[in-house]
Amino acid sequence: MTEQSIIDIRGVHKSFGRVEALKGIDLTIREGEFFSLLGPSGCGKTTLLRMIAGFDEPTSGVVMIGGQSMAGIPANKRPTNMVFQSYAIFPHLSVSDNVGYGLAKKKMSRAEKAEEVNNALAMVDLEGYGERSAHELSGGQRQRVALARALVMKPRVVLLDEPLSALDKKLREQMQVELRALQQSVGITFILVTHDQEEALIMSDRIAVLFEGEIAQLDSPQRLYRQPINQRVASFIGVMNFLEATAEASSGGDLSLTIPALGSVSMHAAQVPEGTDVAAIAQIGMRPEMLTILFDETDKAACESTGEVVGTSYYGDMTYYSVKLSKAEQPVTVSMRNTAGRSIVPPGTAVRLGWGADSIVLFPS
Amino acid sequence: MRFMRIFSRNWLLIYASLYVFFLYAPVVLLPLFAFNASSIIAFPLTGFTTEWFSVLLETKALHRAVQNSLVVGLITAVISTILGTCAARAMIRFGFPFKRGIVGFIMLPLVLPEIIVAVALLVLLMQLGFPLSIWSVIGGHVLICVPFSVAILSSAFQGLDKNLEEASMDLGETGWGTFWRIIFPLILPGVISSLLITFTISLDEFIIAFFLTGTEVTLPVYIWSQLRFPAKLPSVMALGTILLAMSVLLLILGEWFRRRSAKRQGLDASSTRGFMQ
Amino acid sequence: MLSREGRQGLTLISPPLLYALLMLAAPLAMVVTFSFWSQNYLDLDTTITLKNYRDAWTKPIYRVLIMRSLNISIMVTIVTVLLAFPMAYFLSFRVKRHKALWLFLITIPFWTSYLLRVFLWKVILGYNGVLNSALMGLGLIDEPMTFILYNVNAVVITLAHAWAPFAILPIFVALERIDRSLLEAAEDLGDGPVRRFFRVTLPLAMPGVMAATLIVLIPTVGDFITPKLVGGREGLMISNMIQIQFGKANNAPLGAALAITSMVIVASISLVIYMAGRWFRGRTP
């Protein structure tokens, strides 16, 4: 992956009448990366994607592709191609005619075009489907045709608008892996719009989380999950327990945390994010998998607290326990992998809870 | 008692059957009298003949009227379908100022008594010194046919996924190219069904034609002139029979195209079930 | 300033709009102007006058014709809509398969020439007509009935027939739109079939009934073929008079005044019906 930028978005605003859909977006997308725009519905992510494609014009600000401003350049002149949420497969054309649709304007012989189409179909594992008509295809196959139709244009950027949302869970998971692999093999920049945080985590190099027309956080999947910038991002990307806390700086940059619900702990300097305003810290966050129920008396953890199981949710491979801590009103969520020979602990059971300083996320007030 | 029970359970079906009988009562008489040997339109029937049909073949004035009606119908169908396409597309795809008012005005002839339309056009043409001809009839017919065309085509445009157009533009096609490669093929069945319906309406329209026709009369105006002569009635019945057969044929064609349109757009076939399944 | 979309939309709709302005708005404006002029034998006197309207509103012949037109139209509308409702209900709720075939069956008769259909009613209702000969043949009547042709009854029957599909279809569409689970909910909450019909089905079908009413009422006022063919002397309507003024009587200004008068009356009645419909819909719980 190069560090060269392919898309630069500078100060983009977009209003539809009185509704402000985008409130000043600055964003750089790098050549060859798999980039995701993640957010709840109505956050402006689709508007932003359509602006890159050329279907919407920004009210103010500029969208640049390959260093060139796209102002006034219509969709049919941009080096981007889109995979639509509805796939938009032309219903009156065969699969090959769909894939070859955009080649009509290119100066190529008939044979060359046919070859391009076949290559694109091969790329998405649809060899031999060329003569089928659009309504003979399953949802997954339509999705592949839409992808081949975009790839055959050899665009600099492929735009994907919730491409997997219409598929069932199993197929979706399979396509997530395939899409990611395909992107890596062709090396073209992919921009994905999705509301599914898991999908974004699985597929992307980087993710921009959008809330109400603004980018809340832009990071790699791991950093986004481990170091969410605020409580809202944290709860949008998975589950997180929030607990009241205060902090004090101690020797060598270490942090001394006091969490009334759990106890006190010292956080190593290396685990404290740069630029943390120690005095402002008011809350900490812990992912459910960072808390452990110590089932056996021999189990040990860096720090321990006690509590009582008040509820369980069984997921097959995992069980989510709701545990009320002795020193707090609000129960915390703990996730445990189900292992052979251990049954689910019923509500009412007193348990020991293990945790550590390395899994704590700090939030200022 | 048993009769009462059957009646109370099936009264709607009985009612519907009587209603359909009422609807068909006059229509059924048409072929009956067309093939009836007697020259008087009354029962009892006297015998079978195809004489009235051969009379039609020899009536020059009728041929002229048929020709006029076909010309009027064809031109009306083409013009009103083109205008209807513009209006339907604008209505479904775009938002613009005074949309409701403009669309309402274009659809107005649908609820205006035809005599008002006819009289208004007559007054205007008289004032402009424009001679009455088949063109004045076409002018009036287009006016009343456009709303029908808009209604048919707006459902065709409604079924058109906006993303298809965007996908085409995204793949490098121009607006005009998108129209011919994507939009037109997909609404084509709607266009054909609009052509058929407007043609049929124009073919049967009497009031406007009656007011605006010049020396070249259309078929309904010709029929009107014949109704006064009892001797001509049997052949008018024969003519009506032919017209009925043709209209039904055109309607079946129109329905067939409508169903194809739905299929092309990949809509659920069951929601658009037609009568020919 | 207009948005790009606004401009595109206006450009696209301008051909049909221009056509409607040219062929409808301009002529209607012309008719209005005409109605304030007067006919001086072969010439038009373009001095503004209210004489035509005074004639239209005061001379008994026109008053009678206008009132009769309204009476007949309203009667036709009521009869047509009342007859159409059970049919539409049957189509929507009882017909399970081949719905489209039934609809097709209902529309076929209306693709016969309108003139011929009206004429055929004359054949059916006439003194020696189909109905009379059939009833006499069955021995149900001794001599032909005369009260069914060349009078208002004949006009009502013929028009009720002519406008049947225009009444059935809007009601059918409205009934089709009713979510069937609403009816199940009403039943579940204790309504019997009759109460359910009046508390749920009918209120929800009201927009269709309103549309049917207006679609039948408005054009009926303008019909002049039916009265002329089957109406006899006492069945003549205002449209026949308008036609006569523009034709034989050669008094187009008076014809224009009559046309505008009847149009204004019909428009006001339609508006009242429309408002009543909205009020009814607004009140239904």
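The first chain written gets the first letter, and so on, giving A, B and C; residue counts start at 1 in each chain.
Heads up, the rule we're going with is that a contact is a pair of C-beta atoms (placed from the backbone, for glycine too) under 8 Å apart; a residue touches a chain by one contact, two chains touch by 3 or more.
Not measured: the values here are computed from a predicted model.
Between the contact lists of subunit A and subunit C, the overlap consists of B.
Counting C-beta pairs in contact, the chain pair with the highest total is B-C. Placing every chain at the mean of its C-alpha atoms, the farthest one from subunit A is found to be C. Ranked by how close its C-alpha mean sits to the mean of all protein C-alpha atoms, the top chain is B. Work out the mean CA point of subunit A and of subunit C, and you get 61 Å between them.
As a whole-number value, the distance joining the C-alpha centres of subunit A and subunit B reads 56 Å. Work out the mean CA point of subunit B and of subunit C, and you get 18 Å between them.
Interface of subunit B with subunit C (complex): residues 12-13, 15-16, 19-20, 22-27, 29-30, 33, 41-44, 82-84, 86-87, 89-91, 93-97, 99, 102-103, 105-106, 108-109, 111-117, 119-124, 126-127, 139-140, 142-143, 146, 150, 200, 204, 206-207, 211, 220, 223-224, 227, 236-237, 240, 243-244, 247-248, 251, 255, 273-275, 277. Contact residues on subunit B toward subunit A in their complex (touch as defined above): 161, 163-164, 166-174, 181-182, 185-186, 264-266.
Partner subunit B is touched in their complex by these residues of subunit A: 53-55, 74-77, 80-82, 84-86, 88, 90-92, 101-102, 104-105, 134-135, 149, 153. Within the complex formed with subunit B, the residues of subunit C that make contact are 2, 5-10, 12-13, 15-17, 19-20, 23-28, 30-31, 34, 83, 86-87, 89-91, 94, 98-101, 103-109, 111-117, 119-121, 123-124, 126, 128-130, 133-134, 161, 164, 214-215, 218-219, 221-225, 229, 239, 242-243, 246, 252, 255-256, 259, 263, 266.
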